[in-house]
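Next come two complexes built around chain A: one with chain B, the other with chain C.
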Partner chain A sequence: MWQATENELESIAIGAGILGTGGGGNPYIGQLRARQAIRQWGSVDVLAPDELPEDARVVCVGGIGAPTVGIEKVRDLQSYHALRAIEDYTGENATALISNEIGGSNSVEPLIAAAMAGLPVVDADGMGRAFPEFQMKTFFVYGVPCCPMAVSDEKGNSVVIRETIDPRWAERLARSVTIQMGCVACYAVAPMSTEQVRRTAVPLTLSLARDLGDAVKTARHHGDDPLEAILSICPGKVLFSGKVVDLERRTTAGFARGSLTIDGLDAYAGERMVIEFQNENLVARRDGVVVCVVPDLICAVATDLGEPVTTELMRYGLRVTILGFPAPALWTSAQGLAVAGPQAFGYDVDYVTLAV
Partner chain B sequence: MWQATENELESIAIGAGILGTGGGGNPYIGQLRARQAIRQWGSVDVLAPDELPEDARVVCVGGIGAPTVGIEKVRDLQSYHALRAIEDYTGENATALISNEIGGSNSVEPLIAAAMAGLPVVDADGMGRAFPEFQMKTFFVYGVPCCPMAVSDEKGNSVVIRETIDPRWAERLARSVTIQMGCVACYAVAPMSTEQVRRTAVPLTLSLARDLGDAVKTARHHGDDPLEAILSICPGKVLFSGKVVDLERRTTAGFARGSLTIDGLDAYAGERMVIEFQNENLVARRDGVVVCVVPDLICAVATDLGEPVTTELMRYGLRVTILGFPAPALWTSAQGLAVAGPQAFGYDVDYVTLAV
Partner chain C sequence: MLVGVDVGGTNTDAVLMDGPALIHAVKLPTTPDVTAGIIDAMRELLAELPADARIDAVMVGTTHFTNALLERRELAPTAVLRLCLPATQLLPPLVDWPGELREAMGGFTYMVGGGHEFDGREISPLDRSEIRWAVADMRRQGVRAVAVSGVFSPVNGEHESAAAAIVREEAPDLRVCVSHENGRTGLLERENAATLNAALGELAGRIIRGIEGAIEALGVEAPLYLSQNDGTLMDADFASRFPVLTISSGPTNSMRGAAWLSGIRDGIVVDVGGTSTDVGALVNGFPREAAVAVEMAGVRTNFRMPDTVSIPLGGGTVVVPDPLRIGPESVGYRLTEAGRVFGGDTLTTTDVAVAGGRVQIGNPQLVAGMDASLVHRVIAEIQDRVETAIDRVKLSRDDVPVALVGGGNILLGDDLAGASHVLRPENSGVANAIGAAIAQVGGQVERVYSLEGMGREQAVADCSAAAIARAVSAGADPATIEVVEIDEVPLTYVPSNATRVRVKAVGNLPGLHRSAG
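Take a look at the complex of A and B:
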């Protein structure tokens, strides 16, 4: 067990910004919101899955919407409202919270609700990265029901998706409700058991995010290369480095979708990388050849300081380095790829694990 | 108390088609569905509000969506599923059902769920006509909460709108869910008390629909004028008569919206009526002058047989007579007009009660 205090938040924001592969909501805004919550209600205990009591009831909370909207319409306490809504609906009280994805602001969303509710959070999440759609969680891939789940906004509206014929319908209905709520909302899923968390969650990802951020900060402090520091914590490789020369980004159907073009610099001069994204980076092509594809992680960081650059902040002229990391093993099974492999996103590309 | 058997359904369909002012869903398809339900599960007791037990728990059920879609994608047993969903959510069992609107297929939607559940229905509804939006019910105008309410589709998806900041938000969220469900769904609202039904419902409208239909059928049988028969049962007047020469109708945002142009025949030759509709007919202008406006009823019937012509069946060349009826008094109060007067629909027209 460790404690998430104000001190850890900056590191978590950096690490979750990297692991978020462009999505998960703006990590800086998430950090500020979590800082305010912890200052007001106190720090939060973080339990490894092994440290959970056997009879824990673990509620997954998260934000839903388009990150491009999330930086203009900042979330308030919706995740707490969604937590109370699902507790009220199920008649069960949560004894711990868990992150839906260890990306961007979603990595700290449970800390906010947990600080307010006086609950611990689990050092784990449902993706080990970020994904754009609700059903894309290891929990649901491995048999945890995705319903009932509650969606709440900042105004006082709340909806329970009670029953759906499959997890994609939960996404579809929750997304349409989120769009009405202003394209930014929070959700909470009916409680999971300890056994379900241990079997289906990607473990120890909140501490991984914290360690990644710590390494980046230490490297900056000592004048070392922050990219090397990242790769020393999380095995992966540099895919490309250059300057953003084009960005096509639109907020549509509740998502931020588009593509990013980078012209190579230094060792990559004369080459070009194009990355397609839907909130998150999904396919990276180097001179037309796929070099990394979802569910593997495609992460953009500022070349100088290793600061993650999320989808909503990407812009023309930025010097970025693209890092690739192999996906957690829970995603590279046949069941995992069926939910979040390249074909699930409509790409006619076969998944090949990134060699590192 | 009376019994709704297969024999009453044709008359109810005619009467509710008239009172539905164009909307409420296709009355013929509603009639066929109700016939099948009553044949399978038995006839349904119809209780006047005065005959309800003092401790009744009355659930309002209805269809939501665009009538243009409802004739292609016929509803199944969604209203029963929505009933069970709201019972499950509230932990209360319904002891009677009530219609949300006495228009089109929605007039018989509770009969279908009631036959299946073995419950009576109340001889009353929440509009005394039909209206396009969920919040436009006398129940909610006079203080009955509109939430929680359940929305269910034919596939097995169900959503509970748990809490909203006002009834318009319930409409907004339910409509967006309905669109995802294929533009046709059913809903059920948390139970009302007997006192609430007696105070806020428009009473005796199911028997009014039946009596209207009986009068039309009798007139046809005897070769009498069915329009006179209608006006003998329900005080109102002929607003116009002619031939449909233009129809602009689009299915958008979950509604069937547009306008209808009728060139006068006989006593109305040389004149023109234009009617604007949103599922229901809302404003009727004769040579540019408003002659009847919502919440008063603007009803199109075939000139020869008095058969109601609903929005989704309206077409070029039909000979129609437009009838006008004053709205129930629950709608012409300041509170009623605020929810369903001309301004609530965006028309810069003052409401003036139709003189009959």
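Take a look at the complex of A and C:
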């Protein structure tokens, strides 16, 4: 067990940015909200899945909506309201919370609700990275029901989606409700058992985010190479390094799709990498050959400082290094790939695990 | 004729211009009394004014208000009234402010019912009685200025306007600023900017009247304009209402001046100083904006600075021959004592440039025996670092024109990679003052539109009309106003087609005829 205090939040934000694989949005507001919650209600205990009591009831909470709206109508305590709503509906009290997504600002959402509710948070999440849609969670891939789930706004409205025929329907209905609620809602899914968390969650990812952020900060402080520091914490490899020479972006059906072209520098001079993204980076090709593909993680960081670069902030001339990390094993099974493999995103590419 | 003055951290520069011709330039050290420095510089200029000529306008880019915030002095006790409940309570106004600045302004914050959703619906009705209570409390606390911020006021500013009307009714002596007048989405940043603006209001009135009075005392009867951080001007009345817009106008003025001097509208400006080199991109004669928010005195705002890359390399940068190391140390303004060609004992980039025959300054004999291969390596390394910086700020891989300005530009050759051609305009040492003098009057508006019942063209037309109206109220001649920039970004994850539109309009000063700068 460890404690998430105000001090850990900056590191978690950097680490969650790296694990966000280009998506996850601007981390500033999330970090500030978590800081306020911890200042107001105290720090939060973080338990490894192994440390959970056998009879724990674990509720997954997360934000749903539009990041561009979230910088204006900044989120409040919606995740706490959703937690209370699902507790009421199921008649069960949560004994811990868990993150739905470690990549980006969703990583801190459970810390906010947990600080207020006085509950611990599990050191694990449902993605081990970032994905754009609700149904793309390891919990649901391995049979945890996604319903009932509650969606709450800041006004006191809560909607419980009692049952859907599959998690895609839950995403579709929750998103419609969210738009009516003003596009910055939170959801909470009916409690999971300890056994379900241990079997279906990607373990130890909150501490991974914290350690990645710590390593980057320490490397910067000592003038060491932040990329080496990142790779020393999380097994992976440098896929490419160069400068951004082209960026093609289009917003279709609410998602930012496009491709990013990087010309190699130094050891990669004369080569080119093209990355396809849909909010997150999904397929990386080096001189036309696929070298890393979703669900493996394709992370762009600024070559000099190790700062994660989201697709929104990409622009011509940026010096970036592309890191690849093998996906958590939960994603590389047949069931995992059916939900979050390359074909699930419409790419005619076979998944091959990144060799590290 | 026009007078342009730009107050920098080190120097106050001023120029006298007759149409496109630079008549005279002055450079004086910036004094603690900024207004006195402006007037001293103007007095020197006026001595060069031809007998039959008159001054038509005075344009000033100043650091008065930046200094006031940094030194936390003369700030009015200020309240923030946010129209938001029940939303956004976890992050109250002033949430991420440095404690000292917050205290200097009193730290009074109020949140009441009101505000809008992204699609223009009300979050809740405006809570008028709560606003009246808040105003009564402000009066008790001795508050003198109020910033009113409403959630999604860039979509719908009605609640802010109505709340401001209540404040004026209840307390006519309170100065009120509404955030949607500087509307960019980003509640905290916009609210912060409105709050800084409210706190600076009293001081702004005093300072601007002071400058006007001093100009008059010099015998000049001409209107005063102030530089805004987006490279345009506002008249004295408008500036008294929006002093926060003057903050960080200096870097923008420098790039605008360089654009004008070199004739480059789209390209790169490389400003080589004594200690560092700033490289930025010009788009349509204006600097490209950085994507990240600007911090003013530790407060995040919704303003944007020019997107520049700064590298520690200038004319005074120290060169260590073996093993070769260039910078980051610099002798800075002491170059003319410390540099070898000036009889000093520090080897600088300027000495190497002289040894390499790039320029003749100081005494070239003092570096005559320098190892030719060292000279070659240093010159190549300098060139390489600047070329890398140019490449980082370029907008595409095509070669573009490059303007080299600043005293250290002699370090660089004309064969820069990435440059279609290299220009070294004269008088680039006062580019910032020229940037102030040549500016047009501008207005910029950003709003969010739901495209449910409205086409994109309609949204852009509405935003353009608002930007034009704003340029007029800032003092532009309505007949000359044109829209120079339209930026449209669809909001992601919102299937209902909401879009953010930003429009910038500029026009000439009344009575002056010239084309877009």
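One rule holds for everything that comes next: the second predicted complex is superposed on the first by the 327 of 356 C-alpha atoms of A that agree within 3 Å, B and C clash if a C-alpha of one lies under 4 Å from a C-alpha of the other, contacts with A are read in each partner's own complex, and residues count from 1 in each chain.
The definition used in the following text is that contacts are C-beta pairs under 8 Å (C-beta built on N, C-alpha and C of every residue); 3 or more make two chains touch, one makes a residue touch a chain.
Since we're looking at a predicted model, the values are computed, not measured.
Q: Applying the touch criterion given at the start, work out whether A:C183 contacts chain B, chain C, both or neither, answering first, second, both or neither.
A: Only chain C; A:C183 stays clear of chain B.
Q: Can A:S43 be said to touch chain B (first), chain C (second), both, or neither?
A: Touch status of A:S43: no partner.
Q: With the two complexes superposed on chain A, say which partner A:Y89 touches: chain B (first), chain C (second), both, or neither.
A: Once the two structures are laid over each other on A, A:Y89 reaches chain B alone.
Q: For A:W169, decide between first (touching chain B), second (touching chain C), both and neither.
A: first
Q: If we overlay the two complexes on their shared chain A, which of chain B and chain C does A:L313 touch? Say first, second, both or neither.
A: It touches chain C, and chain B stays clear.
Q: According to the stated criteria, A:G156 is in contact with first (chain B), second (chain C), both, or neither; which is it?
A: A:G156 contacts both chain B and chain C.
Q: Quick check on the superposed pair: does A:S259 touch chain B, chain C, both, or neither? Answer first, second, both or neither.
A: neither
Q: Going by the touch definition up top, name the partner, chain B or chain C, that contacts more of chain A.
A: Higher number of touched chain A residues: C.
Q: Which parts of chain A are touched by chain B and by chain C alike?
A: 155-156, 179
Q: Under the touch definition given earlier, write down the residues of chain C that touch chain A in their complex.
A: 86-91, 95-96, 115, 117-119, 121, 123-124, 151-152, 154, 185-188, 291, 300, 391-397, 448, 489-496, 500
Q: Along chain B, where are the residues that touch chain A in the complex?
A: By the definition above, chain B touches chain A via 85, 88-89, 150, 155-165, 169, 172-173, 176-177, 179-180.
Q: Residue numbers of chain A touching chain C in their complex, please.
A: Per the touch definition, chain A meets chain C at residues 28-29, 32-33, 36-37, 65-69, 71-77, 112, 154-156, 175, 179, 182-183, 243, 245-246, 251, 253-256, 279, 312-313, 315-319.
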